Structure formats: structure tokens, C-alpha cells
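As C-alpha cells, here come the structures.
Look at the two complexes coming up: subunit A is in both, with subunit B in one and subunit C in the other.
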Partner chain A sequence: MSALILQDLVKSYGSVPALNGVSFEVGQGEFFCLLGPSAAGKTTTLRAVAGLEKLDSGTITFAGRDQTGLPVQGRDIAMIFQSFALYPHMSAYDNLAYPLREQKLPRAQIRQRVGEIAEMLRLSHVLARKPDTLSGGEQQRVAIGRALIRRPRLLLLDEPLTNLDAKLRHETRAEFKRLHRELDMTLLYATPDQLEALTMGNRIAVLRAGKVVQVGTPDELYDGPVDRFVGALIGAPAMNLVTATSAGAGALETGFGRLDNGPWSQALGGFGRGESLLLGFRPHDISPLEPGAAAPLTVQAKIHLTEPLGDITVLDLRAGDTTFKMVLPEEKAVAYAVGDEFDVSIALERTHLFAAATGTAIR
Partner chain B sequence: MAWRKRREIGKAGWGWTGFAGIISFIYFFPVLWIILTAFKSNADVLSVPPKFLFTPTLENFVSVFRRSYIPGQAAVDTGFDLFFFNSIYIAGTSVALALVIGTLAAYGFSRYPLRGNDTYMFIILTTRMLPPIIVIIPIFLMFRLAGLSGTYTGIIALYTAFNLPFTIWMMKSFFDELAPDIEDAGRLDGSSERRVFFKICLPQVRAGLAATAVFGLILTWNEFLFALLLTGIDTRTIPVAMAQTIGGDIGVRWGLLAAIETLFLIPVIVVVFALQKHLLRGVTFGTIKR
Partner chain C sequence: MAETALNDTRAPLGITELRAGNWRLALLVAVIVMTVSIIALPGEISFWVSLAAVLFVGLSIVINAWGNSPGPLLVAPALALLVVMNIFPLMWSFGLSFFKFRVNRLAPPKFTGLSNYEKILTDPTVWDRLQTTAIVVVLTVTTQMVVGFLLALLFEREFPLRRVLLMLVLTPMMLSFVAVGAFFRFYYEPTFGLLSQAVRVFTGEVFILQATPAGAMAGIVIADAWMWSPFVMLLVVAGLVSVPKYLYEAAEIDRASWWRKFRTITFPYIRSLLLLALLFRTIEAFKLFDIVFLITDGGPGTSTETIAVYVYRLGFQAFRTSQASALSYILLFVVIVLTNLYLYFARQRDAQV
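After this line comes the complex of A and B, so read on.
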């Protein structure tokens, strides 16, 4: 059952469009990510769901109830802001207690609930302090606590990890997953970072220029991007894209030679000769060709640059005038050096084909 | 310059500290002079060269409130207790009113901008661009017609109007500085717009309120021209009463004047000290945060 349904949200600021018909559904208890570059409309979508932003058109239904025109205060939705937005003049305790005080709960109950949430988020020792004396991680946890303390049915998170350092970001990611599992709450999480979306989201909606480009599970987005934009956004290092032209009868002319029998061959059959296309393949789907072995797509490549990343190494390869990246586990990469020439095999069944003009996937 | 060792931030050398001390002393010297004079006898006041060591006396302070106007006659009340009350009452009330109205207006201008918001703000500012003396005749006539001359209501209303543009401009800039996310967080936490203002916005601009209050108080406390024309004998303020004390049959009594000025200074000093913690943050707003 869908807890939150967004239909055709349209919003512009003056003449600048922010949302161009955003629609998606979020299931009850789902960890749903909004992924997209800055100015894609992630924050505006969240603010619209919270009721902070008035929409030009479109409807938002939450728990079976149309939210249009409902005041922010009546929506039973909490939000964690990128800036944390703690009340600077209040102690951590008062920040946590604020939502409960606004509900006019009895003092003893407030004290108990603040105690519980402080315990859960390891904040008990900093409750008396003002936000500006807390570390980034503590501020973040106070912000989480303030959002969770009144047990909202929907939690909105607007790039909550952007202001944290790398180590803390990693820890907090795990924290969010844990909280989601323990609290059985619906989460709508906006992020520009594909890694966050892939690791935390049950499902992901990719946003671009105020439109939903694709909705799916992390695997669906990784394996079947609907266009080159999604293909390049998901996965790191980014998908390789090389130019190609259609050669008729489902075949493809590329810098690596003529290809057919790809997963896209059938769809390509409808194309005439000479269409401009882009062939996409992930750095993880390339491997060195064993001597004597054969593969449907092999390329002789020269190593141009190596980027050791610890457990893996990214190799920048050149074949003719095309360049692409491949990823090797560290223990295999030690055998290669810049300038080496060798044959690589690209997994043909895992390649993607996009129209060069529109970027749409052909499949 | 790269080769020069970078000075540690936050520490000035003895030389600069001493230099700042000398400048401060020069600025403060007239105030010190007045305070010293207030405690001198008439003979000491006029002695040349001036005395810095003398037997202090309180006689000037006594004669602020009771003295004889004609030598040899019994001392009578001067009315200065009333004038002090008037000054405090008029300045306090008008600044408080201006703060209440101005802060609400500033919040409105900051958060709910009108079409042509800047034009409105500019018009508000223009009311303070004229030298007051230009409008004094029409205002005087209006006050006469409205029967406001010599009343508390009249002068308080006038001072409130005078303080408002400044208050609105100051407070708007403080509200503009606040992060809007924090107010949105309040709304999501269940606060009504009124409570967002009182519980979340207002406490964050306390420094601004303090700074604005002090500037307004000093301005109003010292105002002479309108007070001279628009207050009556019952509503007279200190600056006017002080000016009227200068004249007289027996020459200027400098000691007496200095005593009035010293008393006149006390409320200002009290207010500034009471609010100084906020004041420092208030007058440097926008330069420290972020």
C-alpha cells in the first residue's frame, strides 16, 4: 500500500521552473531516496510534501488523505534539514523537547521521552549545551532526535549528510539504516550522492530538471538505466560511454569494430543505418582477456593512467581514439603499469545503448 | 608579504594597547571634566589653573533639586525631580513603543515582502533624511490644533514616530540574517506563525533588540529641539530644563550645570552597561556569524 502519493507536482519560482510534473509513490515503511544533482527539485519536492512550499498544481496524498491546503503544523511529518536548523538559542535538551512542548505534553512525560531519545542517539552527556558548542555529529544527532521525538509517520531528510565529514557520513548512513529498521517509519531521503541512495534506499527516484526520470530499486537502476543520464549518475566510477553508429539489422559500428547480438540488438533493428548512438558499459564489466580465450567483445587497450583506491584500482585505458575506465581488484592490478598494452573483454550482454541525441536507452 | 611572520590573531602588542588607551582617554576627558566639576565648590570651579585635587562637595547636587533663585531667599524646589521623571518616562515609553511596533513591522517586511518592498523601506528611510528643523513649524501647528502641545501623549507619539524608521531598518536587517530553515523547523515541530515569531525568531535577535533600544534611548534622551517647542512646564525634559538653567541673574553656575549633566549621564551608563553583552554582538552584526 502506498503511504505517500505525489501526482504531477508543478512549482515555479517566478519564471524559474522548479518542479515540472513530479509523480511517484512511496510505500508504507519504505526507505525512499530522491537522487539528483543540485537544482533537480529534490528540496522543493520535500518542502512541498512538508507543506512548506505552495504548489502551482498537483496533489500530495499521505495516509489516504489529500494534503493540499493542510497547514504544515497538521501534517504529522518531520524533516531533517541540510543545515540541521537547530534552535541556536536553546540547549540540546530544549531543542529535543520543543516539539513535545508544542504538543502541550505534561512535563514529566517530556522529560522521559527526551531521556529515551538522548539515550538512543548517545546525546545524554550534551543535553545542557547549546548547539554551537556541539560537534557536527552531535548537532546532526540532535536534529535527528528532534525529528523523531514526536514519532512522526513520515520523515523527510534533505541531504542530511552533506555537512558532515567523510567518516561521520559513513557512520550516520549506518545509523539511518538502523533507525529505519527499528522505528518502522516511512522515509523520504533527498541526496545528490548515488552511493547514499544505493546503500540506503529500498527504492530510488532519479530527478532531473524538475522531472522524475526513473523510479526503481537500486538494482533496477544500476542494471537498466532508462537514459544515459541515469546510467552515468548511478555507479562509481561512472559508466563508460563511447560513440557508435547503427549499421542496420541490429548491428552496431563502434571504435571496437562491428557489434551485434547485444542485449539491444532487437530494439536496434528498427533503426536505419548511420544513426548516432552511445554505447555504455560499466568499468566493473571489463576484465583482462586470458591468453588464448575468446570473447564476443575484445579490445586491445593501452594503460594511460592508474588510480589506486586501496582495495581496487581504476585503470584509464585508450583504444584507438576512445578512452574508458576499468576497475581491477588491487591484487590483480599490481601486474599492470602505465604504458602496458593488453586485450580486455567487455561483457557484451551487460552493455547499454543510448540514442546520442536524446540520451534515451534503446532496449 | 610572505616573508613576514604572521601576527597571532587576537593579540595586540603593548604599544597598540597603550595607544588605544591614550585615544580613549582623550575621548573620555570631557566627561571626566564634567564629573569632576560637579563635585567642586563654586570657587574651585573657576580657579585657574584648574584643580584636579580638591575637597569634593555635594552642594551642587543638592541645588539641582532645591535652591534659592534670589540670593538671600529661602531655597525652593526646582522641579528637577519631575523633569528627570519626564525624561525617563518619555524616552522609555517612546523607545519601547517604537521597538514593539518597529520589530513587528520589520518582521513583516522581512518575511512577507510586499510588492515594491524596497520602495516602502526607502520611503520609511526618507522620513529621517530631513533635518528635523524643516518640519518643526508644521508639526508645531499640528500639535497646537490637535491639542497635543505640552502633553505626554504628544511628545511620546512624536518620539515614537522618530524612532520607528531606524528601528524598522535595524530590526529588518537582523531578521534578514536569520536562517529560514530554523523557522521552517519550528512550523514542522507544530508551532503556529505567532509562536514561530515569539519562541524562535525573537530570541535570536535579542542582540539586535538591545542595540536598537540603546541607540533609540540615547537619541531620544538627548533630543532638545522638539522638546523645547512641544513640552510644557509639566512635561519638560532634562535637556530643555538644563538649557533654561544656564541663564540667570548671577551668571552661569557651572558646578550646578555639571551636576545636572552628571545625573543626566547616569541612566545612559546604566542602560549601556546592562545591555553591553548584547550590544557588542548587536553593533557588529553580520560580521561575526558564519
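After this line comes the complex of A and C, so read on.
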């Protein structure tokens, strides 16, 4: 069942368009991520759902009720801002209690609920302090607590990890997953970081230039990107893209030779010869070819550069005019050095094909 | 550098050394000459002798400074002006408050200790005028704060012609007190004044605002509030603009009502500026003279005679110069105490928040 339904949201700031018809549906209790580069419209979408932004057109339905024209206070939502937006002149306790005081709850009950949420977020020892004396992680947790304390049915998160350092980001990601599991809330989470979206989201909507490009589970987006933009956005290191031309009858002419029997062959059948295309394959789908073994797509490549990343190593390879990246586990990578030449096999069944002009996937 | 080093190592001038820049010697000579002339010569001559002695010391100090470091000499004219026009009269009037003296009599000042202060503090008229002043202060400051605050809420948001209107609203503050007083006297003027004419349309009779104590008080308060509400507005607008927008958004997300947003977010941000406006306006209202003098001249009777007007009457109509000085210093003291009380409370609150 869909809890939140966005239909054709359009919004522009003066002559600058921010949303060009954003539509998607979020299920009840889902952890839904909005993924896209900056200025894609993630924040505007969230602010529109919150009611902070007046839409030019489009409707927002939550729990079966049209919310489009409602004031912010009339919507049962909470929001965590990128800047945290804590009240600087109030203690952490008063920040947490702020949404409850609006409900005119008795004092004892407020104290109890603040105590509970502080316990859950490990904030009990800093309740008396002002936000500017708290660490970044503590400020973040106060912001989370303030959003959760009213037990909203929908929680909006606007790049909440952007202002945290790498270690805290990792911890807070786990924290969000835990909270989502425990609290049974619908979450709408905006992030520019594909890793956050892939690790936390039940489903992801990829936004670009104020439009939803693709909606799907992390696996669907990873395995079946709808265009080269989604393909390159999801997964790290990014998908390799090499130029190719159609050779007719579902075959492909590339720098690696003539290819057919790819997952795209059937769709390519309708193309004439000489169409400009892009072949995409992920660095994880390349492996060194065992001596004597055979594979449908093998390339002789020379190592141009190595990037050791701890447990994995990224190799920059060159084959003829084309360059691409592959990933090896660290223990295998030690056998290779810059300048080595060896045969690699690219998993043909996991390659993607895109039209060069429009970028849309051919499948 | 070498020259200053040389200057520094040079031994200071001995007091007995006979040089133009030896100001210590000049001062010693001047003090002796003045004392001798005041004792031995008649008053008129000793005055000029003393003046010459002061100039002599001043010249010596200037010559000394010129040789050592001319920097301070550059601010000397400004300092001299300040001393002559401001500090000296201030000290002189403070001194006078301990003497029996009237500017319209030839009798020289006679030292009487604290008797002027005693007279002032036991004078029931002074207490009555202080009460009048308190009423004026409370009424006009309250009006200014309320009107200024409402204006600020209005001018905080963008609307067409905002800049033009803002300039118009700020104009009264730029006018001189006398101009404002004169304007309002004409507005309130019974025969051809705007107010009287407007009332006459309804009642058919001439309306004399200043005829009743309450009306006269209202006239003063309206004029003063008209002039100074923009000042309060200016400070409050500055405070309102300084509130980060995202705090309001966060509060809306937390479902805060308009009133609660105002109380918990806006007010803490503008509180210190409100206190400042209150302080400035209270001090100014306490000293209010020009507008009262021009609009009601203290009347009817003495019902709107503020303490500042009373000081003026005492000093320049009754010519009880030294008593007026004493009263002025009592008022100065009151203002200083008020100011420090405000600052104390403002700091207490800031420490709490």
C-alpha cells in the first residue's frame, strides 16, 4: 500500500525550474531514498512534501489524504535538515521537548519521553547543554531525536550525513537502519551519495534536473540502469563506458572486437548498421583470464595505474585506445604491477548497452 | 629609529633647567604667580594674570611635546575644544552646585556645601515634577515600543514600495526636536490647527487639546512617540532580520503555532535589542524638554511640566543657578543608575539564556 504519493510536482524559482514533474509512490513503512547530484531537486521535493515550499502544480497525497494545500503544521511529518536547524538558544533537552510542548502534554510525560529518546540516542549526558557545545554527532542525534519524539508517521531527511565526518557517517547510517526497523515509520531520505542510498534504501528514486529518472530497489538500479546516467551514478568505481557501433543483426563492433549474444542482442536487432552506441560494464565484472581458459569477451590490457584501497585495488587498464577500470581483491592484486600486460575477461552477460546520443539503455 | 633611541636615552629635563620646553618649571612658576596675584592684587587684575599664567604653562607643554613626539599635538585642538566647550562647563556647573550663586546678580559665588542639594531634595515641587516626568516616560516609552514593534513586524516583510515607505517612516527621527514641537503646536492650535478643525466638523466647536491636563499629556506623548517610534522599529527590524529562516521552518515542522514561534524563536533573538531600545528611549524621555516646552509649556497650570522644564525654569527664569545645577546633577545621577540597572539585568538574562 502506498503511503505517500507524489504526482507531477512542478516548481520553479523565478525562471529557474527546480521540479519538472516529479512523480513517485512510497510504500507504508518503506525506507525510500532520493538519489541525485546537487540541484537535481531532492531538497525541493522534500520541502514540498513538508509544505515548506509552495508548488506551482502537482499533488501530494499522504495516508489517503490530499495534503497539497495544507500548512506545514497540519501535516503529520517530521524533518531532519542538512544543517540540523537546532534552536541555538535552547538546551538539548528543550530542543527535544519542543515538539511535545506544542501538544500541551503534562510536564511529567514530557520529561519521560525526552528521557526515553535521549536514552535511545545516547544523549542523556548532554541534555543540559546548548547545541553549540555539542559535537557534530551529538547535534545530529539531537536533531534526529527532535524529529522522532513526536512519533510522526513520515520522516523526511535532507542529506543528514553531509555535515558529518566519515566515521560518524558510517555509524549514523547503521543508526538510521536500526531506527527504521524499530520504529515502523515511512522514511524519505535525500542524498547525493549512492553508497548511502544503496546501503539504506528499500527503494531508490534517481533524480536528475527535476525529473525522476528511475525508481527501483538497489539491485534493480545496479543491474538494470535505465540510462547511462543511472549506470554511472550507482556503483563505485563507476561503470566503464566504451564507444561501440552497431554491426547489424544484434551484433556490435567495439575496440575489443565484434560482439554478439549479449543481453542486449535482441533489442539491438532492430538497429541498422553504424549506430553510435556505448557499451557499459562494471569494474567488478572484470576478472583476469586464467591461462588456457576461454571466455566470450577477452581483452588484452596493460596496467596503466593502480589505486590500492585497502581490501580492494582498482586497476586502470588500457587496451588499444580505450581505458577502463577493474577491481581486484587486495590479495590477488599484489601479483600485478604497473606496466604488466595480461588477458582479462569481461562478463558479457552483465554488460549494458546505451544509445550514445540519448544515453537510454538498449535492452 | 636611531633618533627615537637617542631621545629615549636622553636624561629627563631637570626641573631647574631653564628651557622653554621645561613645563614642570613653567607650572611651578605659574602656580606661584597665580597664588601671589590672587592674594595681593585686586580681582580684576588677578583674573588676567591667572589667564596669562595658564597660557604660559600651555605654551610650555606644547613646546615640550613638539620636541619629543608631535603625535598627540595633532589631536590637541579637538581635545582643547572638548575641554573648553564641554568638560570645563560641566565641572564648573558641578562646582557651582556647592555654592550660592545667581548669574543675574553680581555677588561672587559663596560656598554653602550641600545646602543646594538639601533644598532640592526637600522641595515638594521637585517631587511633583518627577511624578509628571514618570508619567510622561511610562506613556511615551510604552507607546513607542508598541508602535515601533508593530511597524517592525510590518516592515520586516517585502511588499511593494517598502523602501519608499520605510524612508518616509524614518523621517521624523531625522527632524530636530524644535521642528517637531513647532509642527505639533500647529496641529493642536485651536483656531486653525488640523486637529481642532477635524473635531469641529463633528462638534461644531473649537477643540483645545491643551485645555485639559489629560489632553495636554496626550499631545506630548503623541508628538514624542511620532518622532521616536521609528527608532524602536529600526532596532527591532534589525533583530527580526537576524533570525535564521531555517529556525522558523524547523519550528513549523515541529508544529509550532504563530504565537509560539514568536515567543520561543523571534523574541529571544530580539530581546537584547528591545532592551537597548527601551534603555535609550527611557533616558531620552526622562530628559524630554523641547517638545513639552513648545507644545504645552508645562501647562495647563503645571500639569505637564517635566523635570527638565522645571530645571530650565529654575535656572533661566528664576535664575537660581546653583540650585538648578544641583538638580541637574541629581538627574544625571538618576540616569546613570537607571542605565546600569538595565545593563545589569540585560547581562543577567544573557547569562541565563
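FYI, the second predicted complex is superposed on the first by the 363 of 363 C-alpha atoms of A that agree within 3 Å, B and C clash if a C-alpha of one lies under 4 Å from a C-alpha of the other, contacts with A are read in each partner's own complex, and residues count from 1 in each chain.
Basically, contacts are C-beta pairs under 8 Å (C-beta built on N, C-alpha and C of every residue); 3 or more make two chains touch, one makes a residue touch a chain.
The structure presented is a predicted model; accordingly, all values stated were derived computationally and were not measured.
Novice: After the overlay on subunit A, what do you see for subunit B versus subunit C, clash or fit?
Specialist: clash
Novice: Should A:V26 be classified as contacting the first partner (subunit B), the second (subunit C), both, or neither?
Specialist: In the superposition, A:V26 touches no partner, neither subunit B nor subunit C.
Novice: Give one of first, second, both or neither to describe whether A:L259 is in contact with subunit B, with subunit C, with both, or with none.
Specialist: Neither: A:L259 stays clear of subunit B and subunit C.
Novice: Mind working out whether A:R146 is in touch with subunit B, subunit C, both or neither, as first, second, both or neither?
Specialist: A:R146: touches subunit B and subunit C.
Novice: For A:H89, is the partner it touches subunit B (first), subunit C (second), both, or none of the two (neither)?
Specialist: Touch status of A:H89: both partners.
Novice: Which listed stretch of subunit B (3-11, 21-29 or 93-101) steric-clashes with subunit C in the superposition?
Specialist: 93-101
Novice: Same subunit A residues contacting subunit B and subunit C, which ones?
Specialist: Common to the two interfaces on subunit A: residues 50, 52, 72-73, 77-79, 81, 83, 85-89, 98-99, 102-103, 146, 150.
Novice: Would you tell me which residues of subunit A are touching subunit C in their complex?
Specialist: Touching subunit C: residues 50-52, 71-73, 77-79, 81, 83, 85-90, 98-99, 101-103, 146-147, 150 of subunit A.
Novice: In the complex of these two chains, what residues of subunit A are touching subunit B?
Specialist: So the residues of subunit A in touch with subunit B come to 47, 50, 52, 72-73, 77-79, 81-83, 85-89, 98-99, 102-103, 146, 150.
Novice: In the complex formed with subunit A, which residues of subunit C make contact?
Specialist: Touching subunit A: residues 246-247, 249-257, 260, 264-265, 268-269, 353 of subunit C.
Novice: Which part of subunit B faces subunit A closely enough to touch in the complex?
Specialist: It comes out as residues 179, 181-182, 184-192, 195, 200, 203-204, 206.
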